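One structure coming up, written as C-alpha cells, with questions to follow.
Chain lettering (A, B, C and D) follows the sequence in which the chains are written, and residue indices restart at 1 in each chain.
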Amino acid sequence: MEKLYFASDYMDCAHPSVLKKLCDNNYAHAAGYGSDTCSETARAKIREACCCPGADIFFLTGGTQANVTVIDTVLHPWQGVISATSGHVQIHEAGAVEFSGHRVIALPNQYGKITAEQIDDCVAQYWGDDNHEHMVMPGMVYLSHPTEYGTLYSLQELEEIRKVCTARDLALFIDGARFAYALACHANDVTLPDLARLCDVFVIGGTKCGTLFGEAVVIPVSGYIPHFVTQCKQHGALLAKGFVNGLQFDALFTDNLYQQIGAGAIEKADRIREALVSRGYQLGMPSPTNQIFFIVDDAKRESLEKQVAMSFMERVDGQHTMMRFCTSWATREEDVDALIAIL
Amino acid sequence: MEKLYFASDYMDCAHPSVLKKLCDNNYAHAAGYGSDTCSETARAKIREACCCPGADIFFLTGGTQANVTVIDTVLHPWQGVISATSGHVQIHEAGAVEFSGHRVIALPNQYGKITAEQIDDCVAQYWGDDNHEHMVMPGMVYLSHPTEYGTLYSLQELEEIRKVCTARDLALFIDGARFAYALACHANDVTLPDLARLCDVFVIGGTKCGTLFGEAVVIPVSGYIPHFVTQCKQHGALLAKGFVNGLQFDALFTDNLYQQIGAGAIEKADRIREALVSRGYQLGMPSPTNQIFFIVDDAKRESLEKQVAMSFMERVDGQHTMMRFCTSWATREEDVDALIAIL
Amino acid sequence: MEKLYFASDYMDCAHPSVLKKLCDNNYAHAAGYGSDTCSETARAKIREACCCPGADIFFLTGGTQANVTVIDTVLHPWQGVISATSGHVQIHEAGAVEFSGHRVIALPNQYGKITAEQIDDCVAQYWGDDNHEHMVMPGMVYLSHPTEYGTLYSLQELEEIRKVCTARDLALFIDGARFAYALACHANDVTLPDLARLCDVFVIGGTKCGTLFGEAVVIPVSGYIPHFVTQCKQHGALLAKGFVNGLQFDALFTDNLYQQIGAGAIEKADRIREALVSRGYQLGMPSPTNQIFFIVDDAKRESLEKQVAMSFMERVDGQHTMMRFCTSWATREEDVDALIAIL
Amino acid sequence: MEKLYFASDYMDCAHPSVLKKLCDNNYAHAAGYGSDTCSETARAKIREACCCPGADIFFLTGGTQANVTVIDTVLHPWQGVISATSGHVQIHEAGAVEFSGHRVIALPNQYGKITAEQIDDCVAQYWGDDNHEHMVMPGMVYLSHPTEYGTLYSLQELEEIRKVCTARDLALFIDGARFAYALACHANDVTLPDLARLCDVFVIGGTKCGTLFGEAVVIPVSGYIPHFVTQCKQHGALLAKGFVNGLQFDALFTDNLYQQIGAGAIEKADRIREALVSRGYQLGMPSPTNQIFFIVDDAKRESLEKQVAMSFMERVDGQHTMMRFCTSWATREEDVDALIAIL
C-alpha cells in the first residue's frame, strides 16, 4: 500500500482553478514586480472580500518571508514583537526575526493563544520599569489565526486585543497562513472584513490554502508601511514575475473559492478527530480546524509511521508523543477512510 | 493594435513543459522545504548537466534573494564583494547586499565586465595599505554571465579570474540568471561544467529562462556553505513547497530543454539587432545575447513607446536615450516582424 | 544633609592609581587603536595574572559593547546565545544582541544563575526536534560572575558547565564586569586562571572596578576570534586612543590592585546586609558581593529615597519593592555609617 | 635621539585642563548613562557655544561609533548616505556603515570635498531613473570639516549644500572630529553656530582635540532622532559612566578652550608646510589645517621614517609616496624644530 499523507497542508501543488488560471494566461506579457494588471485584478478582489477598498496589498512568496518583512518594516529598531511562545516566529523560523534585528517577546500560550490581559501586562511592565530605556520596547503583537495549534481566537478576543493595541500604541499583525481553514470552520466567527478592521497588517495565506506558493500581505490603511516594494527588495522578497502571484490570488478570490476551499479539509479533520476519540486516543489540543493533535504511545506511533506521514510535535513523557495530522483542500476521502482504518 | 512586449525576459509564465510538469504532478504528496523526491530528481539532473556529481543544489525563488543569500552566507562579516559597477547587486537590488551587512566593492566595467587584472589590483591595494585592518576586505567576486549588458565572458577570461581568486583567497560567484541565453549563443564558450569547475557558487536562473520563478543555487563542493537550509530560512528564502521548484527544474533539465530554450530568443534578438543597424540606429552595447541595447532620439522614442513596451537604460545626452529590447523563450515570430516594421 | 549614594558601582571616576597613571603619561606619544606599548604592557600583566601567556587581549569601552561584540563575532549567524532570564544581555541591553542578529535563549534563573543540566537540556531539546533546521541553534553560553543578583558560581558549577559546553560544542563566555568584587569575596573560589582555563572568552571589567571606563576581553586561545580588530571597528568598538585603556589596565594590574580593589566594598556591603537583617528587613537575594538586595515597604522606601540614591529592582507586591544598594571601591566608611543610621 | 611623533593627532592623553577636571571630580557620585549633572553642565556650555539653546547633545566614545550610530539612526532602512570617496565612512571604518545596513554612496572628491552640484546630480539621477524603487535612495549627506585631507569647506559652500539638502529632503551630517583645528585656522569661516544652523546633526570631536576620548553628537532640533539613548545602547555606544565624558567636555568648553586649543597646532603645521616647500617638497593637498600632506621619494622616506613617526597615505608612482604629518594641541615647539631640521 502506498503511504498515506497527513504530515502537512502544503504537500500538493495548487487547486485546479489556480493551475488553470496560470495555464490559461501562460503568455501573460505582464509587467514586472507586481505592477501588472493581473495582480491589480487580484488586489481588487481581495479588497472587495475584505470590504476594505483602500488597502495596500502585496504578494510575497512564503510565510516566514512575509512575517519577517512585515515585522521588520513596521517595528522601529528599538522595538520587539510580542508573540505566543508557540508562535511560528518564535519556534520555527530559525530566528529570522532576530536575524533582522528584533527580539521576539514570547508570552506563555494557552493552546496557542495569548490574551489581551497578558499583552497589557507585558507593556505595563516595560513602561513601569525605571530602566526601560535599556530594555526592548514592545511595538507589535503577532497572532496567528488559526494558531499553530489549530485553535481559533474569537472575534471578542480579537476586539479586546485590538483595544489594548490601540491603548498601548502597538501594531496588530495577524498571520492568516491557514485562514481559509478558519473561514470554513463552524467554530470561527472572524471574517476577512474583521481582520481588515482590526489589524494594522494581516496575511492571507495561499501556500497552505490552494496556491503553488504565495501570501497576500494586506495593509488596510494605504501607506502604513512606506516604500514597501523597496523594502521587500532589500529582504529578497520581491518576485520579478509578481503576476504569477497575481494570477493565483485572482483565481483564489473568484467565486468565493477562498471562502470555500477549506470546507472539505475541516469536514475530514472532524471525521479523523471523532475516530481518534472513539478509539480512545487523547487529543492534544482543542483544535477545531484542519490540524489534528493527538497523543500516541511509542509502539502505536512506530506502526503508524510505517503507513502514514504525520508530524512530530513533542514528547509528552517517556512513552508518549504528541503527533499531528493535517488535512487540506487536497485531501482525498479515500485516504481519510484508509487512515481511520489503521488508527 | 495590441502593444508589443519587448520590455524584459520575465513577462510570461512558464515554458509549456514546465507547466505540464506541474499539472501532471498536482497532487504531489511531497515533503516540505525541498526535502522531497521531485527536488532530488531535479538536483540529479542538474548535477549531471554540470558534470558535478557531488554538488549541493538549493532552489530559491528569485534572483536578488539568491544573490544576497549566497553573498551573505559565503562572506565573513568583515568582507565585501567585488562587482562591476554595472552588476545587478550594485545597481538594481535596492542595496540588499549592504542591507545584509556587506559592502559592494564596485569596479569600473567595460561593457558590463571586469577583468582579472582589475580584481587583482583591487585586492593588492587592500593588502598594500597599512591601514587595511580599518578597511573592507575583498572576499568574493560577483560576476553575471551573461552580464546585465548582455555581454559574455570568454572561458579564457573566466579562467584568469579564477586564477586570481585562488591566489587571492576570493570566492567566485557567477550569477547565471540568464545563462540559458548564453548557452544558446554562438559567441559563448562557457558551459555548465565550466561553471561547476570554476565557481565556488553559481546560480542557474529559471525565472528568465522558462520557469514560473526559481533559481538553482549550485555549490560544487558539498558543504561549502554550512547550514544553508537554516540560513535560507533566516533570509526568508526557504520555500515551504520546495517541490514546486523541484518539478520545474526537473522539466527544465529534461531532454536538454535548458540548453535549447534560449535558441529562439537569440535568433530573434539577432534579427532585431540587424534591423536596428540597417535602419541606422547605433547599438548601445556589443551584446550577442537576448538583450538588445540601442540609442534612440526623443521623438522616435516617444513614438516607439506608444507601440512597444521596452526598458529605459540611461540618458545618453540631452536628446538621446539608451533603451533595451529583450527577447525570451516566449517571444513570438510575428511580434518580431511587427517590431521590425515600426523601428 | 547631602544625599548618600548607593545606587550603583559606577558613580565615581577612577581609582587614584589609575588616574595617576594617566596623568603621569599624559604625553604618551602612543600609537593608535591599541597597538601601542602601554597597551602591550597591560596585556602582559593580565596574561600573567591569568596564567595564560598566549591569550589575545583587547580593550573595549563598555559592558554592553563588549558583550555584543564578543557574542556576535563568536556565534555563527544561525546560532543564539544561552543566558539566564536575569542575564544582562537579556534584560538591560535594549535588545542589542538581537539587534546584531542573534536570539538570546533565556533559561529560568535561580538567584541569577543557571545550571549545567539546564544548558544540557536546552541543547538536547534542539537536537531532539525533527525540525531543528528551522530553529535557533544554541551556540554559546553567557554567564555573569558575579551575577546581576550579586551571586557567585562555584568553581564546581563552572567546571560542570564547561563540561557540557565541550560536549555540546558551545562556546563559554563569562562576563566579569564585577569580577573584582568576586575576587574580594570569601565565598568566591573562582580565580582569573580558572576563567582562562574554562572560558573561550571572558571579560575583566574595569568600568565598575576602578577605571574611568573599559573592559578587557580575554581570549585564552589566540586567534579564536579572527580579525577581531576589524570586527570591533565594524561594531563601533575600536577606540582610537586605545592606549588610554592600556594605561588604566596597566595600573589596575600593578601590585595586585585588581585583586584587592574590591575588598573594602565587600566589607562595607557585609556591614549593610547585617544592619538590614538586624533591623528586620528581608534580603531579596543571597548575594555575598557588593550588591545588596532588600525588600522595603512603600512608606519606608519613600523616606529612604529622600536621603539615599538606590536602585529599583522590581515590585514584589502591592506594598513592597525589592531595591538595591551597591558599594564600590570608592565607597566611604562614613557614608556607610550614615546609611545604616537611617535604615 | 628619541623618535619624533607626527603620525597623528590622537597620540597623547588629554589637555591638562581636561585631566585636572577629572582629578578634581574623581568622587563624582554621578548618575549613570549621561543623566548626571556634570554632563548637563557640559551640554549647557556646548549649547551656548553653538547659540542653539534647544539642541539635544549626546556624548559618544569614538568617531566611527558616532558616525555609524548617527547615520543608522537617521537613515530609513531603504536609504544610503552620500560621502566623498575620501570620506572616513567610506575609507577607514571597515565598512561599519554597510555593516549597519546602509550603502555609502561615494562621490568623487576634490581635495577631500564634494559640491552641492554633485549632490544634486546624484539625487536627480536616482529620481530620474524609472527603476529607482530598485535602487538605494540617497537620504543623507556626510561631510567632514576639516576633511580627511585637511581642507575646509567655505561657509558659502556649506550654505549651498544645505540648500540642496533641503530641496532634496536629505539630512546633513557634518563630522567635526577635528573641528577645533578648523576654528583655529585663518582660512576657516565656519563657526559652531553655523554648524548648528546648517546641520541636522553634527559631531564636535574630542578625541583629537583635547579629551582622553569622546565625541559630542549635537542635534539642533530636539527629538530629531527618537529614542537616541536606547539606540545608542543597541549600538554598544552608551557609556555607563557618561559623566566621564561630561566632565571632559565641560573642561573643553570652559573659557573658550575648544576655540583656542587648536591654535598652536595650526601655527606649527604652517611652519612645517613652509619648511617643506622651501626645501623643495611638493605638498600633496592644499590643506591649511593641522594635517600636512607631502610627496617624498623612497630614499628620503626611508631615512625620515627612522627618525619620525608619520602616516602613509598612498603611493603616487613607482618612486614616490604621499605621506602625512599631523600636529596637535600637544605638539611641542622643540619637536617641530627637530622635524624641520631633518626634512
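Here, a residue touches a chain if its C-beta (ideal position, glycine included) is under 8 Å from a C-beta of that chain, and two chains touch if they have at least 3 such contacts.
Keep in mind that what you see is a predicted model, and the values were worked out from it rather than measured.
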Query: Which pair, A-B or B-D, has more C-beta contacts?
result: A-B
Query: Of all the other chains, whose mean CA position lies farthest from subunit C?
result: B
Message: Quick check: how many Å separate the C-alpha centres of subunit B and subunit D?
response: 42
- prompt: What whole-Å value do you get for the distance between subunit B and subunit C if each is reduced to the mean of its CA atoms?
  reply: 50
Message: For subunit A versus subunit B, what separation do you get between their C-alpha means, in angstrom?
response: 33
Message: If a residue has to touch 2 or more other chains to count, which residues of subunit B qualify?
response: 77-78, 93-95, 99, 133-134, 230, 233-234
- request: Quick one: which bits of subunit A touch subunit D in the complex? Just the residue numbers, please.
  value: 33, 72-73, 76-78, 133-134, 137, 226-227, 229-231, 233-234
Query: Tell me, which parts of subunit B touch subunit A in their complex?
result: 5, 7-8, 10-14, 16, 19, 22-23, 25-32, 61-65, 68-69, 93-96, 99, 207-208, 212-213, 230, 233-241, 243-244, 247, 309, 330
Residues of subunit C defined as touching subunit A within the complex: 77-78, 80, 91-95, 98-104, 128-131, 133-136, 312, 315
